[in-house]
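The following blocks contain the structures, represented as structure tokens.
Shared between the two complexes below is chain A, which pairs with chain B and chain C, respectively.
Entry: the complex of A and B
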């Protein structure tokens, strides 16, 4: 019964999306107001159907209705309720259903928020979103149907979801966040396609384009980092990033979207590079489809691969159609978009942005080539090889450091022409900060050249970021002191909240920069200066590791409803600090190989990371790591997420906070608009 | 209705895309040719940005080709270094008692050695295949199940439900599994009549591939 209801909503969604796509494109071409109205109605109907289909599936999962095949595949009476809920996206069919739900949410929100603006381009955008929706509904109705009946006789219990997904609470958060990032790229894609069809890209389109791009960028950033954090907390190899094909697949759209976010400021400010901006937006979406293919086709082997399935070719056909469509549309229409402005000065913020864009695109190609090269080698030479970390690190680290350097240069330079003196006064002081930082880390004992360079650049970029972030505060503090207000440090702090809020998008942008810089510091330090050892300890035995003393106290074996935990209780002593750690191995009935459950002790300076390799009542083998500054990565990501959120707050919500006569007349607006 | 859609989808997935290299290259070659030529045609009328057109083709075509070629390979198939080498010998006792089986004494007939466990889900799907093929080749090939990290009681219950037909050996201490470099269950090794490993299956076997490996070695 639930199966049929779910099927009904999937088919309703398919019909609504297909009808809406046709109506949207028709309304775009004919400028029919009725067509436009109906396209929006179909968009809402599609969103509603996806919501209902997901509600039905969640209900089926929570009530353990094993007559639905998907529930029989991933459900289990023994699983706790939250894990049952997570099962919605734990396997192929459910994850695509959930994908449809998120797409429905985005389409409804974007139609609602932006549907009244730009009547000449929005119908194209809605048509494009619904064309993408049609494809996913087609997958749900056919090759990845989650609502098919279970084979008769209906099983009495199921195996539960993939054990890897049951092991950590982050698995409840990481996939949906990443999906929000991935699926969200559909919205800017539609707006870009609309701009190409209509042959114009103006401020009224650039604002929603940038907002939606920023929404998915934020989710993608957080989702990728959460994935790294999960890998770090669960997989037990002491790392957070392995250049795994599917990790790369999520990085690719992030890189182009980052480039696009910066590029989109140029047409906004200078009327330049409209075609380039749209190209990057289209590429970001296409790379999310590529990522979907990589995860779900079974062509790549990875911790993320869903089981072998036959939807790979279908997604590849969709990817090919989307690629050809985008290339042809760009080639036919890009010349219509070229604006009146141009980048003229070689030393200006816009040329720094251009260089940043080129580096991001170069990095995208580097990662793309490295990820697909094994396929190429196997197809033509028949050898199995994997392009490992050395390739990616060798290629990505220099580009990454150059981007970090530009992160300092760009904001330090003004828009338009910059005089030599201005450049010197803006760039030299932060450059000194960077050099001092590099000197300090060398004095601290860092010797690896790339990490010293990266940290020096981080110091430079960090100094510029903080100065720019607080520039409006300084300007306003001066103005208010001149007007007779409180001067000095007290005055500066008094005006700070309002001054930052008055230009909250700009402030948010610099907060994101600060977060990314913190992440890079964490990555550079933890990858270059981590130490580790494998220890084998008998019960009661102690061995030294760095300046710790590590003892194995006893082994415990705890049977839970859905798994068995083998826990090694250990004591780690450092000077007078005594800490009990309990790394464990989890064994799930469905999976032979046990899954690690390392114990991570985090401090601001470094993490102590203990992971069990093997355990029996009398002895344990552990892999123990000391990794510096790992926590900076997670904190940096949180800061970047907060900055993104601040940038997205609607101006009218900020206005109440800012509204004050002193602010209105201050030079803040001028500085913010600089 | 949904049945109809599922059928269309199946047609698209099975017939829509030629997954062998020459087929993919053929389709792609034609597509690129047609798109390229139409670009040139449109450019005569001044309507198209040729740089984007051909730049796009130059990026897109190889990418799609490489991805399409990926379907030929199974990334989970890890070639065993043991293929072509003598099969490591073992001397294991059946789980239900009985005389131990020494592999080196079984030469003269090809052998199928299947590593499995009762807790392994794919093992359930492949077991009927192994039983059927073993019955079909009875007397012409030896079949051995080696049960990995398991208990006799569970094995007896599992085989009672799933059916048996050939010796199921208990791998105490996983010694055989280690000697064969078993990465996960199920794994199946084909050994020829001289005791040399000729093939390794990772994951569940299917009847066609199993017979394809065995038929050249089996005396008719």
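Entry: the complex of A and C
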């Protein structure tokens, strides 16, 4: 019964999306107001259908209705309720269903928020969103149907979801966050397609384009980092990123979206490079579809691939259609988008943005080559191979360091023409900070050239970021002191909240930069200066590791309802610090190999990471790591997430906070618009 | 179409220049990427396939997949010796890595490393096959090669 109800909503969603796509494109072409009204109605109907289909599935999961095949596959009477709830996205069909729900949410929100603006381009956008929705509903109705009946006789209990999902809380939040990032790219894609069809891209379109791109980018950033954090906390090899194809699949759209976010400022400020901005937006969407193919088709073997599924070819066909559509549309219409402005000066912020874009595209290209090469080799030559990490590191590190350097150069330069003197006064002081940083890390004992270079660039970019972030505060403090207000440090802090809030999008942007710099510092340091050892210890035995003394006390085997924990109790001593660590292996009945539960002791300076390789009552083998500054990767991501959120706060919500005579009379607007 | 070059943002000669620089940069990048790619490939071979590669196998990084031959396990201080077989060909393996928890005779294993001219394989990384498949593989007990590579677990 629930199965049929769910199927009904999927089919209703399919019908609404298909009808809305046709109506939307029709309304775009004919400028019919009635057509536009109906396209929006179909959009809401699609969103409603996806919501209901998901409600039905969650209800079926929570009531353990094993007559629905998906529930029989992932449900289990023994699972706690929250695990049962998140089983919604623990396997292929459910994850596509959840995907549809998120798409429905985005489409409804974007139609609601932006549906009244730009009547000449929005119908195209809604049509595009619903065309994408049609495809996902088609998947749900056919190859990835979650509501099919279970084989008769209906099972009395199920196996429960993937043990990896049950094992760690990060696995519960990582997938939906990443989906929010992936699916969100559909919205800017539609706006970009609308701009191409209508042949114009103006401020009224650029604002929603950038906002939705930023929403999606923020979720992607957090989702990717959560995935890395999960790998670090669970997989036990002491790392967070292995250039696994599926990791790369999520990085690719992030790279182009980052480029697009910067590119979108150029038409906004200078009226230039509209076509290029739209190209990057379209590419970001196509890369999310490629990523969907890589993660959902089972072509790659990784923790992300579900067992053999039939949806691979279908997604590939969709990718091909979307690619051909995008390329043809760009080829035919990009000329119409060329703007009134121009990038004239080689030494200006816009030139730095252009260079940044080229570097991001180059990085995307190298990662794409390394990621798809094994697929192509197997498809065309029947050779099974993979591309080793050194390829990615050798290509990505130099480009990444160059981008980090530009992160300092760009904001230091003014828009438009810059005089040589101005450039020197803006760039030289932070450059000195960068050189001093590099000198300090060398004095501290760092020798690996790329990490010294990266940290030096981080010092430079960090100095520029902080200076630019607080520039409005300094300007306003001066103005307020000149007007007879409190001067000095006290005055500076007094005006800070309002000055930052008055230009909150700009402030948010620099907070994001600060977060990314923190992440890069963490990545550069932890990958170059991590030390590790494999220790075999008998019960009661102690061995040294760096300046620690590591002892194996005893093994404990704890049986829980759904798993068995094999725990190694160990004592780690350094000087007078004594710490008890308990790394473990979790064995689930469905999974032959145990899942690790490394014990990670985090401090601001370094992590001590102990992972069990094998354990029996009399002996243990552990892999122990000391990794510097890892926590700054997670903190940096949180900072970047906060900055993104601040940038997205609507201006009118900020206005009440800012409204005060002192602020209104300040030169903040002038500084912010520099 | 008058003034089109100006609307692109860069003058016509500047545009040519830009395109030229971009083409050179793209070419250099492709050359670098493809060159580096070739040096960093990891081949997935069964013992029979690896032996069939002859000299090519000597310079390659290899992921060798097969079963740990029963009776072949010899712990030897800090190193471990065993043989990996696919039923037709058997390759001796030596490693100084600590084997993963599930490692035992008869289990499916993938070892990453290099092989020397005498046929001795030195492994720097070991992964055991495990069963996290959602649906039972069809056919007999012998896992297919694809299923074997598909269920790697970092060791």
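In this text, the second predicted complex is superposed on the first by the 670 of 674 C-alpha atoms of A that agree within 3 Å, B and C clash if a C-alpha of one lies under 4 Å from a C-alpha of the other, contacts with A are read in each partner's own complex, and residues count from 1 in each chain.
The definition used in the following text is that a contact is a pair of C-beta atoms (placed from the backbone, for glycine too) under 8 Å apart; a residue touches a chain by one contact, two chains touch by 3 or more.
Every value quoted in this text rests on a predicted model; they were computed, and no experiment measured them.
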| item | value |
| --- | --- |
| Chain C versus chain B on the shared chain A, clash or fit after superposition | clash |
| Chain B versus chain C as contact partner of A:428, first or second or both or neither | neither |
| Touching partner for A:375 - first (chain B), second (chain C), both, neither | first |
| First (chain B), second (chain C), both or neither touched by A:362 | second |
| Touching partner for A:141 - first (chain B), second (chain C), both, neither | first |
| First (chain B), second (chain C), both or neither touched by A:558 | neither |
| Partner chain(s) touched by A:328 [first = chain B, second = chain C, both, neither] | first |
| Contacts of A:1 with chain B and chain C, given as first, second, both or neither | neither |
| Chain B versus chain C as contact partner of A:317, first or second or both or neither | first |
| Stretch of chain B penetrating chain C in the combined three-chain arrangement, among 55-63, 73-81 or 145-153 | 73-81 |
| Overlapping contact positions on chain A, where the chain C interface meets the chain B interface | 301, 305, 308, 335, 384, 590, 592-593 |
| Residue numbers on chain A that touch chain B, as the complex places them | 7, 10-11, 14, 138-139, 141-143, 145, 159, 279, 290, 293, 297-301, 305, 308, 310-314, 316-317, 319-320, 323-324, 326-328, 330-332, 334-335, 368, 372, 375-376, 378-379, 384, 589-590, 592-593 |
| Chain C residues touching chain A - in the complex, by the definition given at the top | 4, 6-10, 22, 25, 29, 32-34, 36-37, 39-45, 61, 63, 97-103, 128, 130-135, 149-155 |
| Residues of chain A that touch chain C when the two form their complex | 73, 91, 162-164, 235-237, 272-273, 301, 305-308, 335, 338-343, 358, 362, 365-366, 369-370, 373, 383-391, 394-395, 534, 536, 585, 590-594, 612-615, 621, 623 |
| Residues of chain B that touch chain A when the two form their complex | 1-2, 5-6, 8-10, 12-14, 16-17, 19, 21, 31, 35, 39, 42, 47-50, 52-53, 56-57, 60, 63-64, 66-76, 78-79, 117, 119-121, 148-149, 184-185 |
